[in-house]
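Presented sequentially are two complexes of subunit A, the first with subunit B as partner and the second with subunit C.
== the complex of A and B ==
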């Protein structure tokens, strides 16, 4: 069992490494991921580190470029989800009453609709690009965050220090921004990391189901291609395994990072150390 | 404004909290006048409506609260003031020291920043200027090494220091009227004495509503005292008169329950505020209650110069 800090730094290191790869994809990738770079279905060798696919595209280059799509889907989705969840959650929890009632009943309705099928329908219908997909995921996935943030804010809104700040003559907007927000930020941070992990997996699921953006390379679409066009039948592991492994590692790293953060933030999870 | 002019007038204040079991009548026809520069102690046991009165003056009760009556501050009715105007009164004109010092400071903001924000809100000072003013205030409430402590978070402050920080926060804009809600609660005897001394020192010339259940603290700070029971003021008058010759049986009982005076408790417990006794609210516990106390609600009767009691004995 690695120590608390080991888990934190290791997982953070993995996430940062993925970000670095995504940013420097044009430099690292030996080939353009869309061009014909050699014979089709070639096994790994010195030029094609992970061989080529049925369209003669370099798999290693596609893997590198695919990092970008995954990062965009995960982090853009998480930003949208967390910003929306925090803003709406704080307003609903702070004002309470009718505002809160309206928001919560709307959420109840929205949350009866299963997330992934709804997302599938929307992508089939609108055929959005990767950025729009990320925003849609963020908005749908952020509904849960609204509830979590709102429930925290409900108790903060009647906290003595909030009453005290009102007694100083502060306006509601000021209190929400300066007194409520910093108190929910740790929660928002953890929610951001878990959302990013969730949206990456969902994005890859969409790609695998053929709903990916055809203009970008993503790991879901790679796995889909490998499974449909002979990768599995012919046992070409270098086509199928690398994208799957890449997803697993980033997903585990983010989950680990979120747990490590949560442990630090929530004193109840901490072992007494004298 | 001259001394002795009324600064704050509460007239016929009724406060009710709607609940599933009925309306909790937390305050029933409270009439109160606080003169410029005077300290009035509001004495009463837990649940008698002291804090409710304080919060009603600042209009900080829950939005669904039913409030009737008038609260005149410098002749303006605070209860009918628009929200914007009320925000200018809060902190600037009327400030409050809340009763739970442990939770009344935001745990994630530095103490100095919290005091500076009051200064920024009303005095228009920004950044370093506001910060310097905050340090000065902390110094004024006798926090040692104020410059360093201003940069600390509230959890680093002891109970007494938090109370001082809260006083500094309330005094940030030099308000004309201060509501202090049990500022000595939970403090040991020595710290309590220090806070009370500090209190009388920083509030010279200021009108103060000093909410407490500590009779000695009330006697040491206030010129007049009002005793509350079950949402009503049952006795009000000069401290000496009320404490040396209490007129209302409840006040007498309260004084006799002090350790120094025999520690005799008042039998029974405070009535439900959802369905209070129809006549005198103290009747069920009163030792000298007569038949009409049960049905007739007594008014305040003058029993001495400036000394009133809500009791049939003097009617």
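== the complex of A and C ==
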């Protein structure tokens, strides 16, 4: 299929561009995102590229600064989720037996509790900052990764090369780190990208529901403000659309990136139609 | 054998529910800053100690923890899910009232998305690699990547604000005050929420169906059917579709759970008075008893949906039961 590589590099480029914007936000943004920078609800012009909101804050600057929150929510959450998922998944799958049984039963119970409502209850109680939110999302969302990694490790644990290494007297820790881990890494990588995408959407969704960290500019809170304080009724598209569009673009890039990677590593996709 | 399996499954779900209730209790009672104070902060600047005490007594928070736990647990089983702070009504009452409205948009959206997802997914998987498949797949990836809240806002903006085809929100027009609730009027209000929820969940069904079809298309019996000289569409309809649809039973169960989350955003944006909107309101006023009730209800729905899928599955696919016998 032509264009798959293009999609891969294009999406990677978008992700890198977002990272660059996040890192250099203080340099690029023309205004402090919290400061009063002109008249309220001004339409776009040369000084305010996307106008101002009801608090007279520059929307373009807030959009730039919001990239940081998105990156933290997505990638920090994904790191936590993937590290936990991989570690627990490998241990459960490798040892099998009682360890595996205990982990799986625990997961069965935890996974009956719906992720998002539970996250809402935890958020409302802890009132966490953006970093803690990301970690909580990672821990809750990592439960699903444990299952996926574990099922992969189950078959690896009885593969000839693992049994052989064991026969040579290698320790369990060594086998898990040097032989099992490299074999699940591609899967872990894809899981990392899809998790990051998921947590970005969820984290920004929290902001949209008014559960965001008030000390941080995030796109969810921007959309919430815009839709609540007249963005829809007055038809102020430059206030309402950019933050949502920004989420959509990064989410799309990550989705495409994950899909392109998955096609490469998943042999099932290479089975041709008879 | 089937009865024993179901019994085990039921017992197991009961344990899962019990543990969820326990987790909820722990979250509610043992965390920093009890929720009564939290709630009163919203009314008073500094809550008078007597008021806090009176509230604590009324909600039984001054009793020993183990006491509270057992009465909480028994209460849940007896349908006493606590008392909503903001509605001043029993939580279960409020939730069951709103659940009806959620179902009004959730059921049509689920049914439509399953039908459409199966049809498009099956076609896409069967014609793997064709132009239609690539276009559909990319379209679905695109649709799935759009955050549901933003999609809902854009749909609202375009269809209700700019085009004015549908109302901006709510579930009935003001005329309902005089004439009572008119089903057609409700449908008019429900159209956009249903459409949004449909878009939101059709991608999941599509993915699963396409994957399932990809696996099925490589099976030996499909090759046999082809070798017999059956035409493409007959193989698809008579052989491939039926087998590829099996995993959808479980999918439908999971979808019910996933849609509840989606409905929080959709209902909030379209001001639809269901569970999702209720969740949003409860968040705004920090009504924790109500929130934990909603969480319990969601958990219960997931459990019931899973048991339902488990019970239906052996009827749809007899092989599952054979596998069970062999293990037992």
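Definition applied: the second predicted complex is superposed on the first by the 265 of 274 C-alpha atoms of A that agree within 3 Å, B and C clash if a C-alpha of one lies under 4 Å from a C-alpha of the other, contacts with A are read in each partner's own complex, and residues count from 1 in each chain.
By definition in this document, a residue touches a chain if its C-beta (ideal position, glycine included) is under 8 Å from a C-beta of that chain, and two chains touch if they have at least 3 such contacts.
All of these numbers come straight from a predicted model, not from anything done at the bench.
Participant: Record, for the superposition on subunit A, whether partners subunit B and subunit C clash or fit.
Facilitator: fit
Participant: Quick one: classify A:171 as touching subunit B (first), subunit C (second), both or neither.
Facilitator: In the superposed model, A:171 contacts subunit B only, not subunit C.
Participant: Once the structures are superposed on A, label A:230 by its partner contacts, choosing first (subunit B), second (subunit C), both or neither.
Facilitator: A:230 sits against neither subunit B nor subunit C.
Participant: Which partner chains sit in contact with A:189 here, subunit B, subunit C, both or neither? Use first/second/both/neither.
Facilitator: It touches nothing on subunit B or subunit C.
Participant: With the two structures laid over each other on chain A, which partner does A:128 touch: subunit B (first), subunit C (second), both, or neither?
Facilitator: neither
Participant: When the two structures are overlaid on chain A, which partner does A:209 contact: first (subunit B), second (subunit C), both, or neither?
Facilitator: A:209 contacts subunit C only, not subunit B.
Participant: Using the touch definition from the top, say if A:112 reaches subunit B (first), subunit C (second), both or neither.
Facilitator: Touch partner of A:112: subunit C, not subunit B.
Participant: Between subunit B and subunit C, which makes contact with more of the residues in subunit A?
Facilitator: C
Participant: For A:38, decide between first (touching subunit B), second (touching subunit C), both and neither.
Facilitator: Neither partner.
Participant: After the superposition, what is the least C-alpha distance between subunit B and subunit C in whole angstrom?
Facilitator: Subunit B and subunit C, overlaid via chain A, are at closest 7 Å apart by C-alpha.
Participant: Shared contact residues on subunit A for subunit B and subunit C?
Facilitator: No residue of subunit A touches both subunit B and subunit C.
Participant: Of all residues in subunit A, which touch subunit B in the complex?
Facilitator: 97, 159-161, 163-171, 178-179, 182-183
Participant: Quick check on the complex: what are the subunit B residues that touch subunit A?
Facilitator: 58, 60, 63, 87-92, 95-96, 98, 100, 103-109, 117-118, 121-122, 166, 169, 172
Participant: Using the touch rule from the top, collect the residues of subunit A that touch subunit C in their complex.
Facilitator: Touching subunit C from subunit A are residues 1, 108-109, 112-118, 120-122, 124-126, 197, 201, 204-205, 208-211, 220, 223, 227, 232, 235, 237, 240-241, 244-245, 247-248, 251-252, 254-256, 259, 268-269, 271, 273-274.
Participant: Looking at the complex, which residues from subunit C come into contact with subunit A?
Facilitator: Residues of subunit C touching subunit A: 12-13, 15-17, 19-20, 23-24, 27, 31, 33, 35, 128-129, 134, 141-142, 144-150, 153-154, 156-157, 161-162, 168, 214-215, 217-218, 222-223, 226, 257, 260-261, 264-265, 268-269, 279-280, 283-284, 286, 288, 291-292, 294-295, 298-299, 302-303, 306.
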